[in-house]
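Written out below as structure tokens is the structure these notes cover.
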Amino acid sequence: MLKVCRRSTFNAAHRLYRPDWSEEKNDAVYGKCNNPNFHGHNYTLEVWVEGEIDASTGYLIDLKILKTIIQTEIIDRFDHRNLNLDCSEFANLIPTAENIAIVIYEILRNVLDAKYKVSITLWETENNSVFYDGK
Amino acid sequence: MLKVCRRSTFNAAHRLYRPDWSEEKNDAVYGKCNNPNFHGHNYTLEVWVEGEIDASTGYLIDLKILKTIIQTEIIDRFDHRNLNLDCSEFANLIPTAENIAIVIYEILRNVLDAKYKVSITLWETENNSVFYDGK
Amino acid sequence: MLKVCRRSTFNAAHRLYRPDWSEEKNDAVYGKCNNPNFHGHNYTLEVWVEGEIDASTGYLIDLKILKTIIQTEIIDRFDHRNLNLDCSEFANLIPTAENIAIVIYEILRNVLDAKYKVSITLWETENNSVFYDGK
Amino acid sequence: MLKVCRRSTFNAAHRLYRPDWSEEKNDAVYGKCNNPNFHGHNYTLEVWVEGEIDASTGYLIDLKILKTIIQTEIIDRFDHRNLNLDCSEFANLIPTAENIAIVIYEILRNVLDAKYKVSITLWETENNSVFYDGK
Amino acid sequence: MLKVCRRSTFNAAHRLYRPDWSEEKNDAVYGKCNNPNFHGHNYTLEVWVEGEIDASTGYLIDLKILKTIIQTEIIDRFDHRNLNLDCSEFANLIPTAENIAIVIYEILRNVLDAKYKVSITLWETENNSVFYDGK
Amino acid sequence: MLKVCRRSTFNAAHRLYRPDWSEEKNDAVYGKCNNPNFHGHNYTLEVWVEGEIDASTGYLIDLKILKTIIQTEIIDRFDHRNLNLDCSEFANLIPTAENIAIVIYEILRNVLDAKYKVSITLWETENNSVFYDGK
């Protein structure tokens, strides 16, 4: 198994709450993450792509191309955004780290060649992260 | 010169803009940091305290006490907050990293014993930071 | 597969030696880790929990709860301790990084819901680590 | 599953190009990595060894021995070298991170006891890495 | 004193040797850094700019502008280059970390407004670095 | 001002207490750092040496020589030791991070040429550190 990784970062605001829950329940479940005025993070994203090496180039995938895909599909979409208000992906989905990771995975899974396996790790803080590989 | 440092982190949302400027000028100066719906960061704060060693304890300052002061005065105040909307310190002050650093310095300078010199480094991202020592 | 991770640290002293071995054999196997007066480390622990996302909350597991479990079960038990002298888990078990990792895994495995898979990575120094998932 | 990891670093120069390709094709595929005068990196290598714990020592593998093997077989071979010109492994193999990782894996696989599984992660920069486990 | 920092990286090859010294003397002084085929590093550069805050913008200096200056003047000049062969700055200057730091400082000092004080820290590896402020 | 830095690490056990104080006072001042069976840390040491560049070599100080001095004078002395029991420097000195930093500074100050200025930063954990330059 050969995998390559590209690491990048984006900065976003978000809030964890459900409009169909009472204020009390939102506070009980989401605590200070339920600040109505939002808070934010520097998200660190590792995208891992698994596949065969291309004997002709010595690349599994050209990391310049992977970098451009991540920039266009993920960073340009989420960087310096409010995930709740600016991003349609989270119009009806709570932007927990878990859901952000799943959304990012799905976006990249759709644009990357089906011959690759894809997995991502998303760090929300230096102490909290999520891994997802679509299985 | 002997200095001790305590490092901590907080997560906040902010927006850079001046209400007395046109939208065009705000965009020209602040770019994507002028998203009206805010974005956010994991801020990393290093607080440095300079002074004489206490020969009795071997401490310059008890870092447990410094940690509590930083928690009470800075983290509880700014963590999981929207700096523009939730924090009176920035009601009339643009929350650039520079201004956040100065505000944090002034708060800590007021509560720490005058016998100490104080300086701080505030990292807004892994690539951007500010140092301030009140001079 | 969805996994979340919580990272934390603790500081402990330990010594690697077997009382049923000669001094020579202990030195040959454990080298300077067999200092009779102990040495110590800042241990960094990553706890990974794998499972299904809770569609209601958007959490796999509430990381605030996971953080509290790690604090209560691991940090309070091992932080600022001598693993050999203070911790019954190592009364008859050599506190190598491997054994510490297995002990931590077993403790967490017992308190975390059986619906989760658990794995841990324990860094003893910035250059040495252990991964264990109970298999 | 129990795995231990040893992390180390080496610094090397390299160039990505194929002598059987035109200059234009080399530039198109390898971009600035095709500088005829070479560029270089600080490579960070994580070697993971998987196996059973030795109940007698509490070690999976003695990390002092693993460190010596990595030093002798990998660091002494590649550190402060030009991978293209100084290292026979790359006489006919383009030293992409993928190929370097595979070469390192094969060297270590040959010298480590067959009872162990081996995998490596090689970071070429803080943003780019490769994982390989021989499968 | 208020200072802001921008961190960036570049990758380059280099060799330490003096053509007017014997091979023996070059080896004695520069050791394995005197590999005739070069080796390389991921250099990490911190540029610190000191000055007054602009009360109008809340910036000391617009970090987007500083980032562009560093990209144009330093990264585009040295990234993926052989410092000895490709860079006229080192035609007659040994590219030690000290000299690279001084060269970078001088370039930035010339393009940054004289009202600022400038200092840089250049990390050649995770264990070696140089600080220079022109004094 | 030109300064070079060499970073290194050592692992040690220690305990903070004064034998001339009551148990209650030791607990009040030193808290869990007063565990009679010791605890420990991975200490990270940055040694900064300031001086003039040697125009002949392009070095301020040969970092290979500085590395050897740090290894011989500091790492061999303190690594895998109990600072209280094994190290005469702390026979009558409480091994707080402040005192360890001062001791390390004094040792290095004595062996490094008087033409250099010396300063050190010692990290006891990723969140706590001390700076000392002898003034």
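The first chain written gets the first letter, and so on, giving A, B, C, D, E and F; residue counts start at 1 in each chain.
In this text, a contact is a pair of C-beta atoms (placed from the backbone, for glycine too) under 8 Å apart; a residue touches a chain by one contact, two chains touch by 3 or more.
Because the structure is predicted, anything quoted here is derived from the model rather than measured.
Ranking all chains by how far their C-alpha centres lie from the centre of subunit B, first place goes to D. When each chain is reduced to the average of its Cα atoms, E sits farthest from subunit C. Interface equivalence for B-E, evaluated over B-F, C-F or D-E, points to B-F, where over half of the contact pairs coincide by residue number.
More C-beta pairs in contact connect the chains of C-F than those of the other pair, out of E-F and C-F. Mean C-alpha positions place subunit A and subunit B at a centre distance of 28 Å.
Subunit A and subunit F have centres, each the mean of its CA atoms, that are 41 Å apart. Across the assembly, subunit A contributes residues 126 that each touch 2 or more other chains.
Every pair of chains that touch is listed here: A-B, A-C, A-D, B-E, B-F, C-D, C-F, D-E, E-F. By the touch criterion given at the top, residues 9, 11-14, 32-33, 35, 37-42, 79-82, 85-86, 125-126 of subunit C touch subunit F in their complex.
Partner subunit C is touched in their complex by these residues of subunit A: 16, 29, 31, 93-99, 101-102, 126-133, 135. Interface residues of subunit F facing subunit E in the complex, by the touch rule stated above, are 1-8, 48, 53, 57-60, 62-64.
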